[in-house]
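Letters are used for the chains, namely A, B, C and D, taken in the order the chains are written, and counting of residues starts over at 1 for each.
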Amino acid sequence: MKRKDLLSKPVQQIELQPSMSVNELIKQFESSGSFGAGRLATACDVFENMVRDEKCTVLLALAGAMVPAGLRHIIADLIRTRLIDALVSTGANMVHDLIEATGGHHYKGHWVVDDYFLYKSHIYRIFDIFLPEEDFVKADKALIEMFDEIANANEKHLFSSSELMQLIGERLNDKKSIVRAAYEANVPIYLPAMRDSEFAYIHIVHSKRTKEKNAILVDAFKESSEMVALMERSQRLGMVVIGGGVPRNSVQHAALMADKGLDYAVILTTDRPESGGLSGSTPEETVSWGKLKRKAGKVMVIGDAMISFPIMAAAVLERLGKDFERKGNP
Amino acid sequence: MKRKDLLSKPVQQIELQPSMSVNELIKQFESSGSFGAGRLATACDVFENMVRDEKCTVLLALAGAMVPAGLRHIIADLIRTRLIDALVSTGANMVHDLIEATGGHHYKGHWVVDDYFLYKSHIYRIFDIFLPEEDFVKADKALIEMFDEIANANEKHLFSSSELMQLIGERLNDKKSIVRAAYEANVPIYLPAMRDSEFAYIHIVHSKRTKEKNAILVDAFKESSEMVALMERSQRLGMVVIGGGVPRNSVQHAALMADKGLDYAVILTTDRPESGGLSGSTPEETVSWGKLKRKAGKVMVIGDAMISFPIMAAAVLERLGKDFERKGNP
Amino acid sequence: MKRKDLLSKPVQQIELQPSMSVNELIKQFESSGSFGAGRLATACDVFENMVRDEKCTVLLALAGAMVPAGLRHIIADLIRTRLIDALVSTGANMVHDLIEATGGHHYKGHWVVDDYFLYKSHIYRIFDIFLPEEDFVKADKALIEMFDEIANANEKHLFSSSELMQLIGERLNDKKSIVRAAYEANVPIYLPAMRDSEFAYIHIVHSKRTKEKNAILVDAFKESSEMVALMERSQRLGMVVIGGGVPRNSVQHAALMADKGLDYAVILTTDRPESGGLSGSTPEETVSWGKLKRKAGKVMVIGDAMISFPIMAAAVLERLGKDFERKGNP
Amino acid sequence: MKRKDLLSKPVQQIELQPSMSVNELIKQFESSGSFGAGRLATACDVFENMVRDEKCTVLLALAGAMVPAGLRHIIADLIRTRLIDALVSTGANMVHDLIEATGGHHYKGHWVVDDYFLYKSHIYRIFDIFLPEEDFVKADKALIEMFDEIANANEKHLFSSSELMQLIGERLNDKKSIVRAAYEANVPIYLPAMRDSEFAYIHIVHSKRTKEKNAILVDAFKESSEMVALMERSQRLGMVVIGGGVPRNSVQHAALMADKGLDYAVILTTDRPESGGLSGSTPEETVSWGKLKRKAGKVMVIGDAMISFPIMAAAVLERLGKDFERKGNP
């Protein structure tokens, strides 16, 4: 390390242009290279490299209430165009996709509000989003019927979460749905904590209605074997994390079990390293475990993914251009 | 709301005494009532009320790397003395309990370190904790053997996570172990994302060794029915959250499915509300869903639970006194 | 509050378009309206309203190392075009403007680095920015000479910070400089903690060189009277905060002293309310003091201002169009 | 760096004892050594070393609304016993000390409240603290009178902030007051942004009442020379930071100007490094500037100082024992 090497790249002051595109602004962030702006610019580069790498399987690890808040169509589109090859999600995000797929809606609300009034009004709150109970109930009903139908249509009753999501996707009509898009694009949806969501309630009602023995079951471990197999078949691995939690950990742990470190990692989170949780752990910490390669393109952008993810996606789509096609992996 | 009612309780300045006890300091925090100090004092009150309530089932929702970092014995003791009636945890925390129960250790490390050197040295890093690979391997081996043995010893092969944890607890010798303490105290351990942990790897190896058909399976949904049943049997419900994520959501969702709001809630987290995730959602937001009662004792303390949880436990144990006994619920 | 009013505006899922402009993306954020995306969209609206209001004096409160990191030219341009009518800053941001104005540079560095090596190499670090000592020294030298010259050229020796900044701006050649732009555009720069910056060192050397009696002095309170007078002359007041600290508090307190609440407020910060500091206090808390009007357009966007400020500025410039002209206030 | 050296100190699980003292709990945190608990334990060690070092001048840098919230008496006591040799504060904290010294109070309030109702009720809110306007007015009145009296009693009219605070302390009767304690213990109070507080309003009224020429003035830079001189007279330097902002920066910059790095640093803050601001910068970054010595005892505890500061103070007072006496420096 020589002094002059440390002083070789001046910070270039950001210049705004009239009606600049998202990617043009990100290029200015790259010129600055500093603080969050620099990291967000790096995230765009790493995501671009990931999807341009024809041998890379791209996994999106999705936590947080991102589908209610507005990322549903972006994610569905990225799946259809195979910029994402596998989705690892909380159960809740898929439930909220299915609420919209079965005719329900989320509503703009507010966080300064009388929550007991909402309770009495049968409105659920997700920070500044309101969700009417009846839309939840409508989705429950539709899904319980699908569970019943799947139970009747299949000899087998012990599924992995991804098999079950595929069978649900098959039964949807909504073109904008993530679950439908994944079914059509043959992209697996892994739900490592599927049971920690409305699917648990759907399962309970379905089990009671069905003769117990005929009820659908989910084999908790089966999907982890599927993820390991997918990774073993892949030449390279890329991970985009929104939030953290179980989805992030599942991807990283599968890479370890497949004896393959990730080659690319973009982590968009509000969490921080110093309290020791997985969600806030740095890419560097991940290297110590062998879950992420030392030379991987890697970056962690601390901030609300409702801002950073659409920006990153818009910038990279702009770079790829209209004619870009991706075959998908593995 | 009258003006004078808003100005009825002066903030009392904190006074330090020589060699004051933890609870004496918390009582000073209560006198101040402000900012984090006020919320931590309230958390002690709510936790005290929860455990003094003989009809309340107390659930601890445990996320974050808390067992490696030092909360193992506190949690085991709270389970033995039935100040905790049920544990809902990430898989990883129980794996780390079992690493220590099978002779392994976690080591004091540092976060400013060459992670690639650690990787080459087979040392895993959890922020400022180091864990040698061989201790992980030793636990893997012991647990794979337990899985084999459980498969041979039982007719039934499809378990819930809590049944499996009980069978593991039965096979441990370590008095300090959380899993052992839970077995002895008949406290269920629910792992809603059990598969998102080293248990997945253990299962893979066990399955390959065993004739596939003989392998232990985990029914993902079974444990959610158990949690609902436990809550239905309970007169009142209290929740202490360390971190958030799947453990917190599972407890709250089970309360909803059992058609019972929680009566007490203490949430110790580093997460914040404004990015919309469940982990950072306020107790008030939880009221809108009916998961938490409007009149519940409830508080959220933002900060590192490695600081706030031991302080709260120490203060409440001091208040309860040596002779306090709790029968446990439900 | 009726139920159906709470459920009147569905969250619209964000749609990405090829090569969309920054403002087009912000419009999508507005459609979603949720979490950080919704607040950032609101910030653009409030800032747009502020600058379109011909009777509004717009104050930028600037903290954090934003000039080294890349906001220098944006701020200088906003001052030149009078989208900003007054700047209230930390001393350091102006010092870093002057370092660049006197030929120095900031360099792209990294935060994982041997800081003692940097120390021995005479390189100062600001998170991931490196600054060579010699560029600081060069600026010191130039500024000490300016202080000497100002002392010789003026009868008066007791200045306010804003008077002194004007005298410095007069002596600069760099068109890109904030201090120069402010001088040319007749925009005052208030530095309520001017002495908490390299200006303190410059003053010490200048005082020693000059016969003590001839040294420039800064009257700490004079500038607060100037700010109050500016506000009294203004019909309406708008505030944009980057960071918080003394700059934010000074603006708010001046509004109180001028007996005028702010009419618009955009707060871009990484700070949070719950630990009680001014920097993280909500716009609502500010209303209780009378510093911000109840009906003011107001929003707080939690996140790195190196991301949010350029986005907001780019979106609003796009909305205003090339031909927009602003006369400036008061 | 050898592998076995990295694995030499096992994390010891925290054990709670009945009625343990604050320091006994901190000793358990030291045994764990992990995450926030480990850093808080280190903070106690560094603070203990600082005050046991007879040649060390201890400076407390105080930001945040800590005096309203309850740290007033602790700080006053630490000043009286000369565990603190100099106080560098925001203006506001001293104003709130003086509000209590002149008979006013702060009240326990709440953060979920109608702020416009508070405004109409003449109640100011500081997160969950309420402050009646009349108590502010009472303090204003008393202080304006003191300013008038000081102006009349002194030939000199151009003061540093610390000289002025001493003259105010001289005029107080309240034994519990920080400003009074500092006067009695001959501990300087530096207010680098004095003008960014109610002192600005007090000055305006005082100036109008007094014949302008007779009004008290504050020389902004004088106090920085005083701080540099104090540091030059000191053999070693210790800094405890509550919050950050101008107080932290002033101490660090004075050390640089005095050509002395700090020997001890404890930083208690809710801020984080990655957005590049001074308040969240790590002790390591501070080393690159030469403001903190490489071998200094140093630690940053991220979290609410209303929790961490009283704990640290209580633990260290317990360690020092009743008979400990400190002469004070320099």
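Quick note on the criterion: a contact is a pair of C-beta atoms (placed from the backbone, for glycine too) under 8 Å apart; a residue touches a chain by one contact, two chains touch by 3 or more.
Everything quoted here is computed from the prediction, not taken from an experiment.
Asker: Which chain has its C-alpha centroid farthest away from the centroid of subunit A?
Answerer: Farthest from subunit A by mean C-alpha position: D.
Asker: Could you tell me which pair, A-D or A-B, is linked by more C-beta pairs in contact?
Answerer: Between A-D and A-B, contacts are more numerous in A-B.
Asker: Where the centres are mean C-alpha positions, what is the separation of subunit A from subunit D, in Å?
Answerer: Roughly 44 Å, centre to centre.
Asker: Take the average of all CA coordinates in subunit A, do the same for subunit C, and state the distance between these two points in whole angstrom.
Answerer: Their C-alpha centroids are separated by 36 Å.
Asker: Taking the mean of the CA coordinates per chain, how far is subunit A from subunit B in Å?
Answerer: 26
Asker: Residue numbers in subunit B touching 2 or more other chains?
Answerer: Those would be 34-36, 65, 68-69, 112, 118, 123, 127-129, 272, 274-276, 284, 302, 304, 306.
Asker: Across the complex, what residues on subunit B touch subunit D?
Answerer: 1, 3, 6-16, 18-23, 25, 28-29, 31-38, 40, 65, 68-74, 77, 100, 105-109, 112, 114, 117-118, 121, 123, 127-130, 132, 176, 284, 302-304, 306-308, 310-311, 313-314, 317-318, 321-322
Asker: Which stretch or stretches of subunit D touch subunit A in the complex?
Answerer: Against subunit A, the touching part of subunit D is residues 34-36, 39, 112, 272, 274-276, 302.
Asker: Looking at the complex, which residues from subunit C come into contact with subunit D?
Answerer: 63-65, 68-69, 92, 111, 115-116, 118-119, 123-129, 158, 161, 192-201, 203-204, 207, 217-221, 223-225, 228, 243, 245-246, 249-250, 253, 257, 270-281, 284-285, 287-290, 294, 304-306
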